[in-house]
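Shared between the two complexes below is chain A, which pairs with chain B and chain C, respectively.
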Partner chain A sequence: MSLEAFNNRNVAEGDYFLVAIEEYPTTGWDKFKRVVKRTFKGELFVGLWVVLREMIRFDIHTVQYPQEKMPIGPRYRAVHQMKRLWESNTERCIGCGLCEKICISDCIRMDTKIDENSRKEVTEYTINLGRCIFCGYCAEVCPELAITHSGEYENASEQREHFIIYEDMLTPIDKMKAGKQLEFEGFGAITPHEDERVKKTPLAY
Partner chain B sequence: MDSAYLIETIIKVVVILLIFSALAGIGTYFERKILAFMQRRLGPMNVGPYGLLQVAADGIKLFTKEDIIPTNVVTPIFKIAPVITAATAFMAAAAIPFLPPFEVFGYEVHPIVADVNIGILYVLGMMAVGFYGPLLGGMASANKFSLLSAARTAAVFISYEVVTGLSLLAPIMMVGSLSLIDFNEYQAGGIGDWIVWSQPVAFILFWISAFAETGRTPFHLIANDHEIIDGFGTEYSGMRWGLFFIGEYANMFFISFVIPLIFLGGYGDGSLFGALGLLGKMSFFFFFFLWTRAAWPDVRPDQLMWLCWKILMPIAVINVVITGFVMMF
Partner chain C sequence: MGNTINFTIDGKHVTASKGETILQVARKNGLYIPTMCYISKTSPCASCRICSVEVEGVDGFILSCNTPPTEGINVATNSYELERERQNIMKLYDVNHPLECGVCDKSGECDLQNMTLEFGLSQQEFSAKDQLRIVKEWGVINYDPALCIMCEKCVHVCNEVIGDDAIEVKFGGYGSTIIPKDSDTLDCTFCGECIAVCPVGALVSSDFKYSANAWELSRIPSTCSHCSAGCPLEYEIRHSGINADDAIYRVKNNFEFASLCGAGRFGFDFDVQDNKDKRRFTAALKVVQNARAIRFSSIITNEEALILQKMKEKLGLKLFNEDARLYAHFMKAYASVSGKLHATANLEAIREADAIVVIGTRVATDNPCVRYALTTAARHNGAKIVYAHPMEDVLMKNTVTQFMKYEVGTEEGVMALLANELLKNTDLDDATKAFFDNLDLGYLEAESNIGDDELFFMSKLFMRAEKKVLVVGADMFAHARVQNIAKLAAIIEKHTDFSLLIVPNEVNTIGVSLICDLDVDEDLRGVVGYNAHGEYIIAADENADFIVPALNQQEGTVVGIDNQVLPLNAALSFNGYELNDIASAFCIEAENTIDYTKELPQSVGFKGVEFDSLENFLGEFGEDERGYQLESVECVMDGKLEEVAELPEYNGTVIYQVNPVLQFNSFTNKTKQLERDTTLRGSAQFAAVAKISDGDEVEISLGDTTQKRVFKLDDELKGTIALNPTFDSGYDHGSYRFLKSKIVRVV
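Our next item is the complex of A and B:
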């Protein structure tokens, strides 16, 4: 079924029809006739057959969760990840503060300073996942694709503080060196075939 | 009374108690599984293979929970009410022949605790006394929902006692005895002799009122979860609540034995095939209790009363009258 069928809110056209509702019986004889009709129509057995059919068909829809998991979409927005640069294995975050600025639930907090190479360095970066509403604005606004969402949705812990540590979100250095950092293709990532769509900046005029 | 008879009776009582207490537990497992399959779920799966040990887990939970007596309840009545339900359910089993007589080491065993000559009357009477459990429990609970449930219990049980008794009157007139064994002997000749062929109306009426007697789904309004929470069981916890549960499931099993014994030939001629046949028929009726729970909605109390007094009772009376005329001429 296509989506148009649901998007069309015009009730006057399409497959909508009025359900035939019988007149409510008023006289005793009519009521009696309705009782007899309902008694011998066998509607109860229709219900019995439906559930028995489903039992015989045995088309079970249960997902036994801890053992089985539903696939999640690539654009699923779960716990954040901080990425590293492929070239130098250092953090991608340039401390621009855009994510902190755009965050609508005020859960990102960062501190920066100018280091000895007069580059901006991030000294403190926390995301309070207790407040985060996983809207994805931070990943979308990040100019370096440094902060992205991951598909990791099983985040239970003893303490809420476990959810705000920058080091936990950052790709581990050994995993980075093994070249196993996953580039997240979901929310905020560059769309595929972006290279072909890039045009030269028209500097001629 | 010789001691051999006494020992035999005690053994039979213990065996029936043990088997049906266990069956009541396993009945909950079957119910959860069958309901789940009918609703495209899996039901209990994690405790033991295919969730089979769920019964044991539930049992341990019920036995080890704190026995809470809330304030403001009438303590002695509150405590005794679940015992009434469970005890009367098992007492009703005394007059039910579960299997044909068989021989163990040359000793003939009759799998019935007491073949009293008023068997059916005793069984129905005991099941009727069982209604004091929900009634007293609901009234003693100091809870409005429990009180509503108690009122409904009284209404439902008393109304459907009428239908049960009147619908059974016609078969009793035909057989001329109240003993379930005599009923079985009457139908021992095979399928053609079953009372259901000569008394189909009584069979259906008794079947319908069996749902009211056990409080199962179309007539589950004495403990309807969605309107009166758990009815009489709201204030109960732990094993006292478990006793209500055991009573309900034991009742389901016993009534599933009684229906085939009265109408569907029971264990027939007493052969192994007949015994298996009785168990099969019992299983079908038990399955039907679960089946309707998956398929049918509950009725309102006023609809239930309407059905009982305006439809079922007149039909039962007419059935008795017609049977009487047919037997007379």
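Our next item is the complex of A and C:
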């Protein structure tokens, strides 16, 4: 089909036709007759029959949420997750503050300090999901692939303050030990075959 | 040939004056030569070799940072070979440099990061076996040798600008590090200048370490309020917690041209907080209404001083500020001879001088910035520095050429002797000539303990000098013979090529002395203290009766040592009331305190410009673009020298009111990082005379008050003068800084 066909805005021409519509009733008697006709015609049972038939057939076309959920694309951007390192099971976040800086809705706050092992420790980390617009910049900027989005879109709580603390986002340690941490494939993730592209630093000694 | 050299850089015709290097000329002409170890305020470190350039007809590369051009050469700053050379240097810097940019404090403002990216380095063919390098903790400074690139900037700054000479390079090829000089751990004045100049994250503040990143902090340019130097600084602020208010995380400065002492760099957390409590405000108003006087310190802005002056006029109050009153007294006597309201020299004049006399100040602790200027002059111009004071100062030992020790209290005699020596071959008017003819040199020399030979030696030192500065300090202001001392200083300035720098006590002593009409302090009832002691205290202090913002929480101006009106900006917010609110209640109305900036009296040199039109930065080549310089004001010259009075004698134990390094006042006393040494420090000789020993608790009589201190024996001191800190006691500079004192051991 050529573009011209789309550009033709004259809808009066072509395949359009008028649907035959009965005249609207004008007098009270006509209106009464229409009500009676519609009420006793049995159209109601047509609908009820369809429902009954489909119920017996168990041929259901809707998703049975919440028992059943649709698969979500890997790039879906829902509630954030904080990932752990595969090697040591420790947190990936190094507290660089880039996500806090880049956040356009200013919803990420963190606090860091030097810990007893002279390492940088993230003491507080929160995301105010009430402000978050799920743009994905934080995940994209993260140099450690520590903060990512997940497919977890179900958020309900009694209090706003429950959204969202670090511990909720962090991969639970038992899940990590079981090797069940899922890597994020969406926004900010490394591309496939990244290993092959890495050039190693020469270690001649 | 003259004093200029013509040559070309990248085909552009440029002119160098004598003594300039190729790099300086290139920068002046806007031509870019990359550098790593170069810092404008020191001599070239020449360790990085990145500033190499090619000169036509010369084999190999020339270091542009330390090579002066010759007539007619053609310099090329870019070529394939140079690019390769620079890339290789950067690769060598990057060998084994820890890949911890994500957490490194310097990340985001790191020269190594910038230059590695600038030269497009994505890979590396060099390698070396890494070594165990352990992080050193030196108090407020941390040193990580693994991150160090051995640019030697820190060593140069410490030696050439600060004068501590506390660190040096331990040479050892790839194993080279920076180490404390002649000591296991760092033993210095902790100015932190090494942190400032470090291009990577090797030298960092231990307090700041890992608490925030460069890209999260907002910079607020302001002026340091701890001493009279008024150094430029930048407060770096960020939220202090998840839902908390902003806090100052660190202080930085334009280290390329300016320096900052440790008090400015580490003593930034003196802010206070309050809310608008109507009841307390009404109570404060009532007290002020009934007050007979306001006593205040000079650690306030010009605008506050003007408000106080207006309150005096409106409410008929008296204004007490001994510090500024005595300074004004000194300056009045000075002006009556010199004909000028403001002294002529500034810190830049010291940095450029080649002959300097410092008298009446323990300058290294009174005003570290003056000390840094002296060090710079000594190291860069080979300046001869004569330091006249009753006490030797170890901190000045490396800088001072001649130490002239005089007896306590004989400042007038010393000034007369100095003037007599410096004015020897000058034509004077009859009255002045008569004054010098009538001097009893023998008596003065005997009493002040300054010998003929010392004065003669000084003259010999200064023989070839061209730029001379006389620095007069705070010991003089409260001296009984202050008038004559000031006049003598003015005479030296007037008749010789010496310019004069006066070192005031506090950040805005000059401003207050110009703006306020001060009364002699009396022991009245009904004195309200404004940042000073009184029956009812209004101060930037949590324990005060009424809290007002500190100097890092308000906008305003102060007058620094250079007679420059310097703007202060608010780094942190303050939610309570301020002096302007109190004044407004008495119908001295202005919406903001800074509305008074343009009303500052023009008769004493202020320019009447709006606060918001004041700039606050150092230019590309270090030009001081902060605020404005006070206009010079002509005065009537009716001052006459009086005859030198009989010189007093101070025998037995003497107490000198002076602060330890990095402490100045109650604000520095509040800060977290600065060390608080409140001991009375004295020599072994002092201990013997006072019959006390190290660690004793002693009671010192200071005039009519007494003070309890712990005595600390200090090997570096000599003589029978002990040093008594004032930063914790609310000392108001109202009395002569040396005091005869009885010292009793508390049993």
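The rule is simple: the second predicted complex is superposed on the first by the 133 of 205 C-alpha atoms of A that agree within 3 Å, B and C clash if a C-alpha of one lies under 4 Å from a C-alpha of the other, contacts with A are read in each partner's own complex, and residues count from 1 in each chain.
We take it that a residue touches a chain if its C-beta (ideal position, glycine included) is under 8 Å from a C-beta of that chain, and two chains touch if they have at least 3 such contacts.
Because the structure is a prediction, the values reported are computed rather than measured.
Engineer: Check whether A:T126 is in contact with chain B, with chain C, with both or with neither, and answer first, second, both or neither.
Structural biologist: After superposing on A, A:T126 lies in contact with chain C but is clear of chain B.
Engineer: Output check: A:T171 vs chain B and chain C. Expected answer is one of first, second, both, neither. What do you get?
Structural biologist: neither
Engineer: Spot which of chain B and chain C makes contact with more residues of chain A, would you?
Structural biologist: For chain A, the partner with the higher number of touched residues is C.
Engineer: Which holds for A:I94: it touches chain B only (first), chain C only (second), both, or neither?
Structural biologist: The answer is second: A:I94 touches chain C but not chain B.
Engineer: Once chain A of both complexes is superposed, is A:Q181 in touch with chain B (first), chain C (second), both, or neither?
Structural biologist: In the superposition, A:Q181 touches no partner, neither chain B nor chain C.
Engineer: After superposition on the shared chain, which partner residues are touched by A:S118: those of chain B (first), chain C (second), both, or neither?
Structural biologist: In the superposition, A:S118 contacts chain C only.
Engineer: For A:E144, select first, second, both or neither according to whether it touches chain B, chain C, the two together, or no partner.
Structural biologist: second
Engineer: Can you list the residues of chain A that meet both chain B and chain C?
Structural biologist: Looking at chain A, the two contact sets are disjoint.
Engineer: Would you tell me which residues of chain C are touching chain A in their complex?
Structural biologist: Touch list, chain C to chain A: 102-103, 107, 123-129, 135, 209-213, 215-216, 239, 241-243.
Engineer: Can you tell me which positions in chain A touch chain B when the two form their complex?
Structural biologist: Where chain A meets chain B, its residues are 35, 44, 47-48, 50-52, 54-55, 58-62, 64.
Engineer: Which bits of chain A are touching chain C when the two form their complex?
Structural biologist: 94-98, 100-101, 109, 111-114, 118-121, 124, 126, 143-144, 199, 201-205
Engineer: Under the definition above, what is the set of chain B residues touching chain A in their complex?
Structural biologist: 34, 37-42, 45, 291-292, 294-296, 311
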